[in-house]
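Got a structure for you, written out below as structure tokens; questions coming shortly.
Note that the chains take the letters A, B, C and D in the order they are written out, and that residue 1 is the start of every chain.
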Amino acid sequence: MLSYILKRIGLLIPTLLGVITLVFFMISLSPGDPARVMLGERASAEQLEKLREDLGLDRPLHQQYFSYLSRIVRLDFGKSITTGRPVIEEIGQLFPATMELAFFAMLLASGLGIIIGVVSATKRNTPLDYASMIGALFGVSMPVFWLGLVLIMIFSVGLDLLPTGGRMNIRLYMETFTNFYIIDALIALFRKGDITYLGSALKHLILPAAALGTIPLAIIARTTRSSMLEVLKQDYIKTARAAGIPEGKIIFRYALKNALLPIITVIGIQFGLLLSGAILTETIFAWPGIGKWIYHSISARDYPAVQGGIIIISTVFVVINLLVDILYSVVNPRVRLS
Amino acid sequence: MKKHDQTTTANLLEIQDLSVHFNTQRGVVKAVRDLSLTIKKEETLALVGESGCGKSVTAHSINGLIPVPPGIIEKGKIIFEGENLLQKTEKEMQHIRGVRISMIFQEPMTSLNPVFTIGRQIADVFLTHHDIPREEAFSRAVNLLDMVKIPSPETRAKSYPHQLSGGMRQRAMIAMALASPEPGLMIADEPTTALDVTIQAQILRLMVSLKKRVGMSLLLITHDMGVVAETADRVIVMYAGRKVEEADVYSLFDKPAHPYTLGLLNSLPSNRKYAGASRLEAIPGTVPDLLTINDGCPFANRCPRAGDICRSVFPGETPLTEHHSVWCHNHVR
Amino acid sequence: MNDTLIVKDPTPFQEILHELSKNKAAVAGLIIIALFLLIGILAPLIAPKDPFAQEISLRKLPPFSPGYILGSDDLGRDMLSRLMYGARISMIIGVISVGIAMGSGLLIGVTAGYIGGWYDRIVMRLIDIMLAFPYILLTIVIVAVLGPSLFNAMVAIGVSQIPRYARLVRASVLAEKEADYVTAERSLGASPLSLMFLSILPNCLAPVSVQATLGVGEAILSSAALSFLGLGAQPPTPEWGLMIASSREFITNAWWIVTFPGLATLLAVLGFNLFGDGLRDVLDPKLRE
Amino acid sequence: MSDKSILRVQNLKTYFDVHNERGEKAHLKAVDDVSFTIREGEILGVVGESGCGKSTLGRTVLRLEEKRGGTVMYRETDLFGLDHRELRAARKKLQMIFQDPSSSLNPRKKVSSLISQPLKIHRTGTPEEIQDRVDALMEEVGLNPLYRRRFPHQFSGGQRQRIGIARALALNPEFIVCDEAVSALDVSVQAQILNLLLDLQDRHRLTYMFISHDLSVVEFISSRILVMYLGKIVEIADKKDLMKNPLHPYTKALFAAYPDADPKNRKEDRMLVMGDVPSPINPPRGCHFHPRCPFAKPVCTEVYPGNTNAEPGHTVACHLYST
């Protein structure tokens, strides 16, 4: 078991190296001159030359690559061209916002998704099943950014119930410790007994989390249903029935534990995808997270920022997938014990 | 419960005129037709026939495991200890299944839940039917594993199914079936088909000895005439959903009366008559399609003795001796 | 031998068609797809107006205005005509992206699965690296490198979808390679190329065709997303995602400009998903009963 | 039957790379140092339980698996010494019939193209000639040629096996490995196929290597029988010798365990071997059978026994008989 985990971690390193390499060469070989972008159209030839030298762009590509690698190992992604701040600092500040959004979207998606899937599977071919599965089908077919706009149109513009964007009412000032606003708001609640922060943070979270969680919700519901149906057909379910085990126990203990194995994998993959799906959601809801930031960096051709952002998101994605694999093998005795 | 104490030959289970159909995309499959049988207390009844003859469907009808739909119990009664099981609610059936009728299946690998230890799975059966603490259920499970001769049962109880060999798994399945409080009937659906022959011999011997020790009846579903000869008291031969012959095991092997039974025995390469022979007496042709089958004798298209009447009318019972009946217009004399 | 049995026997393909025709989801999906394809092909003939023609005096007309059934957008262009041309663009995007992805994925998957060894290990490592990027991010990176345009968006979507085909095909090839029929044909002296492409590949196509159907839907969604971010189609192209993007500021006063392109996307993708689901139910023997 | 050998197998080894319980790399010695010959025109039965390596042996003698050591001589040629083209030519004479007829026939091909495939691969004749040959082959194995445009799944199990046999016969082979060829069939159909195989053997003077786990089938069809246990041959003898006088304790156990289809011969007091077949990845030291053997001596736990010629043509690998 331990050796399996170590082996998986070992496999992580070449993959991440590949990611870094790919990002580096794609960005370096793409058309456009970073120095020109940084200095603008009116810069003189000498100025450009000088900056290229400073950035090391005049050196051969392989030298640039190795110096880039050595800096990344030290978590130095360079400075953002647009803001001039170190990329890693910006990421550190924005990352909690994205994680918070993704976490709540996933909580919503997996909680509801599993319930809907199990109910659908046990009430197979009833109107309830059809309704949930048609709903799920709409969910996976939905353009997320459009859903976000429609939600704003209905709940913010039409009904005026929820804010259109941001993480908190701009008139509120909250002390931040973790940059996870829900946690910070809870701290404020305990220290000052003031619930307005938490209320505002939650209100701002609802729509983006709903928009971001829709696709995973639909996918998890569908996976759960088909996985449950598959498990319920197995011989060991027949055995349990033949032994007189009550149906409720068969479904929630015997079947669900087996059915959860593929669901765990799907939840892991979806969580990783949420991080990149956040690019669209954050843009629509003006959520100051890493997705919105990457989008702006791409528009501004801010190469260090783009590189840093992509590498961080991919790393998190790969690490989540690894954790899910390990979790899978812990839950599944067949893998754990072989 | 008084009925129990009558003579030991009292019928434990009686099936009357059972017909089971399945609705498939291609049409209605008449899997079992007009089947009647009885199982006496403490006897072993073998239901034998080739694939698709309806033997497993019959077994699954008894403990209500036919999926409805697509299955339909067209007609018939299944009377177990005086009560018709087909009129029971799902709740009542759950109780009967766990308490009085247990079942073991062909594939011991897929019949055990892969994510629970076998001790836990057996203990769960105890916990369902008894109000006892978890630890006691587990130690009873260990006792049962010992009873089915699994070596070092304490450690094995903590194993997952994939850590056991095929034979061990089938022993664990048997232990689970014995976890019912008062096992009356054990249905064994091809219990040794997936096993090697040396393991099969061990499992058959174990089942026979447990049957005597616990005092239960055994319904053995198999396609293997050798297994029948080794273990059964009485035999019912099925072909394409119909019962064609019923006899005590000695009469059946000694004087098979139905042309199909005879053909089946002749098809066995191990039949004593083939010492030195160079060819087998095979039954020509193939089993009819259950979708298009008519009301005649289903064996008529392969039968050397078939006449016109065989193709249109299924024959009634012809009693040959007290324990031997055949359903055939021109049975072997 | 029973000679009455020799009626015309359906080929496997005919059987699949027959099963599909009984699957309500598949039929519904197919109708939707056909509708969008037809609208896309016939757009120049059936569109009531020029999709690019601006009519400043008739801006933001609500639906059911005379001559503008679905209203007009912020520049006074006919919504319906633009949506029809959008169908054309989306169908092309779907087909080309999936074509790129499936073609390369099949080739990579079959060879990696059949040849194995070092070749397989290297190819799969590269695929793993691609899979280390979340899908949307990968398309965005590729477009960012190639430069924003509709064609580059198609290429990006196609390339980003290669890994799933490669892995799917490789997995089925690995399973099929061990099947007895392959050993049987090997024992008859069949060559590796014929084994790979004539024997094994046709037996791996069922999951691929399901994936391809679902992939078209996803490609439409992705291209809409890229255009929404300004990385795909450029104005004034009547691409649905771009139409949604340029309508953002009107959510307070002209709901139709936002709603209709989104609904069109939703419906088109739904069609492919319905058909893909139906196809999977028919092709997957595990789900058949 | 002549005394000329058609196939000589010497010290053949087929290993697979696997991982053991602890995840370490290990060899699965599916076939471990096996030697025997097959004589022209005979039926050599190979019997053993699951995991004994009998199927791997069958595949390796046709070079469908790569060997780890030893030689397979088909007449005068070393099968493993051939290059691809020579091997392809040799395959005409060496054929195989598989266990599960539904998986050994490509589900996407029609019967006619399945049976004609070997003819096309080896370019034997015009399309018309091939068509005629297909019809003749179908007739020969008892299939109506009118069925030629059907797909395999439209046939019953027995008919599918006939298709497989027709295909194996297409190139007029002289040696056929039948790997569990009747195991997936119902008894009444099994009898038909066994008869068919015997008819074909007579008519075309074929040699069979007949692999099966079913002792009664092997006993009926074979002229000589080879018993395998965990990758090793434990006993070879003419059928009559083996049935009359089985020597190896494993062979005896196999015979004892086989249920007799006659209730009058119930062997309630027969001796059964206890325990399970050990994993072939990590077989017991010494004689692989010793943990289950009632006659095991100290030497059996240490040294794998050599072959002993108990009587002419009857070889056994057991310390009880070594001198």
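Everything that follows uses one rule, which is that a residue touches a chain if its C-beta (ideal position, glycine included) is under 8 Å from a C-beta of that chain, and two chains touch if they have at least 3 such contacts.
Predicted model, so just to flag it, every value in this text is computed and none were measured.
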- Item | Neighbouring chains shared between subunit A and subunit D, ordered by label | B, C
- Task: State which chain is most central when centres are taken as means of Cα atoms.
- Result: C
- Message: Suppose each chain is reduced to the average of its Cα coordinates; what separation in Å results between subunit A and subunit C?
- Response: 24
- Could you tell me the distance, in whole angstrom, between the mean C-alpha positions of subunit B and subunit D? 32
- Message: Using mean CA coordinates as chain centres, what's the gap between subunit B and subunit C in Å?
- Response: 51
- Item | Centroid spacing, where centroids are CA-atom means, of subunit C and subunit D in whole angstrom | 49
- Query: Residue numbers in subunit A touching 2 or more other chains?
  - Reply: 338
- Which subunit B residues qualify as touching subunit A in the complex? 63, 65, 90, 94-99, 101-103, 105, 107, 110-116, 124-125, 128-129, 160, 162-163, 173, 176-177, 179-180
- Message: Looking at the complex, which residues from subunit D come into contact with subunit B?
- Response: 49-50, 156, 158-159, 186-192, 194-195, 198, 213, 215-217, 219-221, 253-254, 256-267, 272-274, 276-277
- Query: If you look only at subunit A, which of its residues touch subunit B in the complex?
  - Reply: 234-236, 238-247, 249, 254, 257-258, 331-334, 337-338
- Message: For the complex, give me every residue of subunit C touching subunit A.
- Response: 125-126, 128-129, 132-137, 140-142, 144-147, 217, 221, 224-225, 228-231, 240-241, 244-245, 248, 251-252, 255, 258-259, 261-262, 265-266, 269-270, 273-274, 277, 286-287
- Message: Which residues of subunit B touch subunit D once you look at their complex with the stated criterion?
- Response: 50-51, 165-168, 196-202, 204-205, 223-230, 232, 249-250, 253, 263-272, 274, 278-284, 286-287
